[in-house]
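First chain A sits with chain B, and in the next complex the same chain sits with chain C.
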Partner chain A sequence: MSEHEAGAVTFALKGRIDSLNAPEMERQLMEQLAGRADAPVEIDASELQYISSAGLRVLLRVKKTNPDMTITGVNSDVYEVLDMTGFTELMTVEKAYRTVSVEGCEEIGRGANGTIYRIDRDNVVKVYNNPDALEDIQHEREVARLALVLGIPTAISYDVVKVGDSYGSVFELLNASSFSKILATEPERMDWCVKEYVDMLRKIHGTLVPEGKLPDVRLTALGWAEFMRDYLPEEAGAKLVALVEAVPHDDHMIHGDYHTKNLELQNDEVLLIDMDTLAVGHPIFELASIYNSFVGYSEYDHEVIRRFQGFDRETGVTFWRKSLAAYLGTANEMKLREVEDKARVVGYTRMIRRSIRRRGLETPEGRAEIDLWKSELLELLERVDALTFDPDELELEAVVENLPYVQEFIDSHLEKTGCPPRAQMQIGLAAEEIFVNIASYAYAPEKGRAKVRVEVSGDPVTVTITFLDRGMPYDPLQKEDPDVTLPAEERDIGGLGILLTKKTMDDVAYEYRDGQNILTLKKKI
Partner chain B sequence: MAQTVRLDLHMHTTVSDGTDTPEQLPEKVRKAGLRLFSVTDHDAVKACRILRDTLTEADPAFITGVEFSCRDEEGKYHILGYGYDPETEAVQRVVRTGHGFRMKKVRARLDFLKTEFGFTFPEEDLAELFEQDNPGKPHIGNLMVKYGYAPTKEKAITEYINKVRFRSEYVRPEEAIRGILGSGGIPVLAHPAFGSGDELIVGEEMDARLKRLTAMGLQGVEAFYSGFTPKLIRQMLEYADACGLYVTAGSDYHGTNKLIPLGDTGVDGTMDWPEGLHRFVEEIQGRTIYGGKI
Partner chain C sequence: MLNITNTFEDGIARCALEGRLDTVTAPELERELRDAIDDATELVLDMEKLDYISSAGLRVLLAAQKAMTGKDGKMKLTGVGDIIMEIFDTTGFSEILTIE
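Then we have the complex of A and B:
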């Protein structure tokens, strides 16, 4: 092959190309391409203002003889036409971008894929970490548009620019301040921030996304869990994968990187930004990422959060705890701990994988951090049996000391239903009887966990309280079938309590199913 | 699925703005490996009459064709007609109307060039111009170059001929569709995404356009077209599917006037035909086919 044949054919398009001058452009192009079939073709479109379908036909014709074709320096108008007509999927089309400098600009946000700077009073630019980010930018634009259509207030980028060697997308963000900044500079507004933050979170999680529009975070998390298998004891690794696999598919939206730098207050409106991690899935995956942002990432090095969010670790931990309580609608410490533990399982998995992939194992600090997270994860894997959570269900260690949490959990549910005090007291006593029974005998002499579920339904309004434990099979309703392994005086007390329970409740039922003792109390109120 | 066959249903001869005569074309079609073709001159059926009388068993199969330039308040369209009987009054009336408007416009342009710029042409050139089946701006442009009024045909058109716009009379799409149907033909929208040739019509605009035209009796879309990308073809096939329309395939070959090879329609020899194209070929097999068998 001669040198002449090896080189690319370059051709500049200028001004307007329409049916009138397209034949001339075609003639010139064909002249240059004569005998050069299959040579790479580079069309320089930096001075092209407009191209009509007559011009497009010529480009398509060239593409048919010389398949290796690139168009560079395309302005936005021409790009739109090339995109609409499918040229962008047929050949390499490079847009012309204006250049923006972020030198000396305030950093107002930082996400998984990029950093956001304010470039002037009204505009911000998100600079992507990946230098080849055009597809990411396109993706983020699409998902942001989708979110907006589904009712989530967000800013949509209106321009793509070149920032150094990277690309950025430009948004209008007028006079806005991130929640991180508010928390750092106006700590007295913590509770207000929590409320707005949780309102937005609920809105996101309440948004149903049409099938196939967003990736399923569960599949992503499954990838993290599979990755961890190489770094965990076999049994723990298998359990981690099984836990993620058992999370049901959920078509509601999650943000994926929901921390306070990605929430902006613009005038009086709260706006969500940094939408590229938008997905669908169970809220536990979101809570995991939130836990990491405010607690997890700074567990080893407490200064991490200050560098990232601009406030200290204490603020981060408080914000997390308050937000979780507001999100779950409960102040019940046991309930909060239950959900937090589930979130931490996913959270540690994600952080460890991330750190290992960023060569965390190659430095002493990295190894120490990974070891800390790993020991927490292993401890959690011993006792967490599911990643899903239910606001009407409380899972906790079955010990007598936890009785107040069970009572508080039941009371807070009953109060919402306007339950008469007498019935509430009777239910409370019955629940106490059953829980103490489980705490005392179910796992003795070991310890184990129990679940309490509160359901209110129907007409007349009926409260159903279900206790579940995985202890030895035992039906407390069969008084004539006492457990002979227990001392006699304890049996008597239990028996008396059960009698009382049967009298005050409308229905008391026991069954043993799937390795669980299931005791159900029903009371019409 | 029924068998597929290499085909090209959109090409022009010297009767309109192609460079091959109706007599030259069949040999080229055969050499291009096509087994079924149609000639679709602008607003003219003359080539089809010639081919009907001259094609033999040895030639590729041929169906009559035409491409009417139409316009209404909503825009411009090129409407193809296939498998019609060129002797019927219905299609001939549309040809006459179109030709009449065209001649009126040529005369008006020549008048304008004379009064505005003082350009005149010898009688014999004008006579030759008027004898053409399909004279238009390019022909006048060529004459201007010939007599030194403009350096190139393109300049003649942009700098002189286009300086005046007429409130022209046009064949309306419903007239063309009615004419084709009335002559036993199938009306098909040519290169739908490109409008009358140099526009870009997609999305809702395309939806509305097809809705209007199918209400008038349109039966097909030229979803495969030499100027279409795979994406445009996909979109056109979706429209055809949604509206239950026939699908046709055409190159818009113009001889040496445009660098489009015969048979370049976007139908890939190895692909499965869409249902609408199968239906179209089946439908025309029930009509008159000239030349050899499909």
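Then we have the complex of A and C:
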């Protein structure tokens, strides 16, 4: 029952191996291996029904003389024994795969590496694009298990099958419906979907991953940025790489392909089903991929999203905007735009690279699409200075019309601290004065950007508001105070704002540092 | 946001302000007051529902006061709350405006 092959010794095991026939099996094996120590051993287990510990001990003895051992065609019962006893970690164990057909099955999900079909009422199969997917499957099982242990609700595959020439992994998924399907068929549930989607996203981003367990998305993104250098003007390319490099390392989980086809509702429970892109990193990389799924990929051809998600572009754009607002916990249009711009920098980089690698430059439509994304990217690279974002900081164009967004941003922070109305109004007044000054003079006659930071700290509670701009150096505190005792006819109408600011704040300070005007207001509340 | 409600009767223009009088909304008030200043002998600004006033708002009030005085008319403010009153005090406006 054994035969020589070039280099490897192969040996077939059949039926049941227990303490009665194990000695005979060992004798035959040893005969086969005589003088062939260290040769690779391949054991064909496709007709093996059962193996007891006596049989396993024989395998262990063989492994001592011939450490390179592979067992193939293992059925699921035998696999369970090998798995439980730790043999799957000692040697290469390849399962026997049953065959499943997905012909006529409903497609319920699609991820970066495969497509998910429902094969019966209770089960789905994820068919991998890569025909040589066993390693991918193993990887996805490992990360899904890791995610589950860390508290992320997900389905873990219980079987690997052959689907045509590809491999698939089988999951139990009862009565489930993807969020894409819900959005497409029950548009009135949009807000509910947004809430569940964002709750899950927060849960993922709040999960700390033990070091080294998942890849770092920042390194992946750095690869995309480096790739783009060949296709961008030198300065823009260098800035793109520098922006990605400047993102700090983050050990929190990100999903990497978080769109609504990968989120399932199963009997009132929300489950993630596509885990192979799991990584660690800053949330901006996740937001970039979410932007692409709902907005970016269908920017040129609006039908793309219908083909992929089953709903129209308007639904996608609305879902993105609502989800971003819920995720950031603000409806402030300028704050949303600031973070969206940062996400788009990474998003366009990724899409352009992907399209070029898929020969996008070789067709007129592909070129038009890449040109559109590239012009957006170049425009963003002119004004985006960092990819990170901070809930206590708002960056926006310094124009008077944006004052309400600055006020809303400050007010929403102050309301959370229980700031008394009097102090809130005084802070509002001072902030208005400073922002309007920047908007009117800092960049005139051009336009530029400003940053507003709100910090609340200490005892007594102190609110600190910092304004930063890169305009002309100018210290508004140097201006002489107006005379407030003059009668109306003699009063000039300038200077009152700065006067109010100085009188109502506990501290007002100006400095010019690193090419920035920095004006700080402090108020005890 | 600033809501402005105008009424005109017997030469008296009444203007009720609601919301915020700031850099963005002050030009609206300035426009609204232009006709009142031309036509009325007295201008009454009801500030009961005004939550916020910044220096841009103060400028509009000062300009209106100057214009009314210039044509021998009168201007007064009613319903001024504590918080806004404090700003009038700080800037000396409580001395130059008629506040009821």
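Annotations
Keep this in mind: the second predicted complex is superposed on the first by the 427 of 525 C-alpha atoms of A that agree within 3 Å, B and C clash if a C-alpha of one lies under 4 Å from a C-alpha of the other, contacts with A are read in each partner's own complex, and residues count from 1 in each chain.
What we mean here is this: contacts are C-beta pairs under 8 Å (C-beta built on N, C-alpha and C of every residue); 3 or more make two chains touch, one makes a residue touch a chain.
Keep in mind that this is a model prediction, so the values were computed, not measured.
Look at A:400: by the touch rule set out above, it reaches chain C but stays clear of chain B. By the touch criterion stated above, A:52 is placed in contact with chain B alone, chain C being left untouched. When the shared chain is aligned, no partner comes close enough to touch A:210: not chain B, not chain C.
Residue contacts after overlaying the shared chain place A:81 against chain B, while chain C stays out of touching range. In the superposed pair of complexes, A:90 makes contact with chain B only, with no contact to chain C.
Contacts of A:497 after superposition on the shared chain: chain C is touched, whereas chain B is not.
In the superposition on chain A, contact is made by A:26 with chain B only, not with chain C.
Residue overlap on chain A between its contacts with chain B in one complex and with chain C in the other: absent.
In the complex of the two chains, the chain A residues touching chain C come out as 400-401, 403-404, 407, 421-422, 425, 428-429, 432-433, 436, 484-489, 491, 493, 496-497, 499-500, 503-504.
By the touch criterion stated above, chain C contacts chain A in their complex at residues 20, 22-24, 51-52, 54-56, 58-59, 62-63, 65-66, 69, 82-83, 86-87, 90-92, 95-97. Interface residues of chain B facing chain A in the complex, by the touch rule stated above, are 154, 157-158, 193-195, 197-200, 202, 226-232, 234, 258-260, 264. Remark: chain A residues 18-21, 23-24, 26, 30, 52-54, 56-57, 60-61, 64, 81, 84-87, 89-90 touch chain B in the complex.
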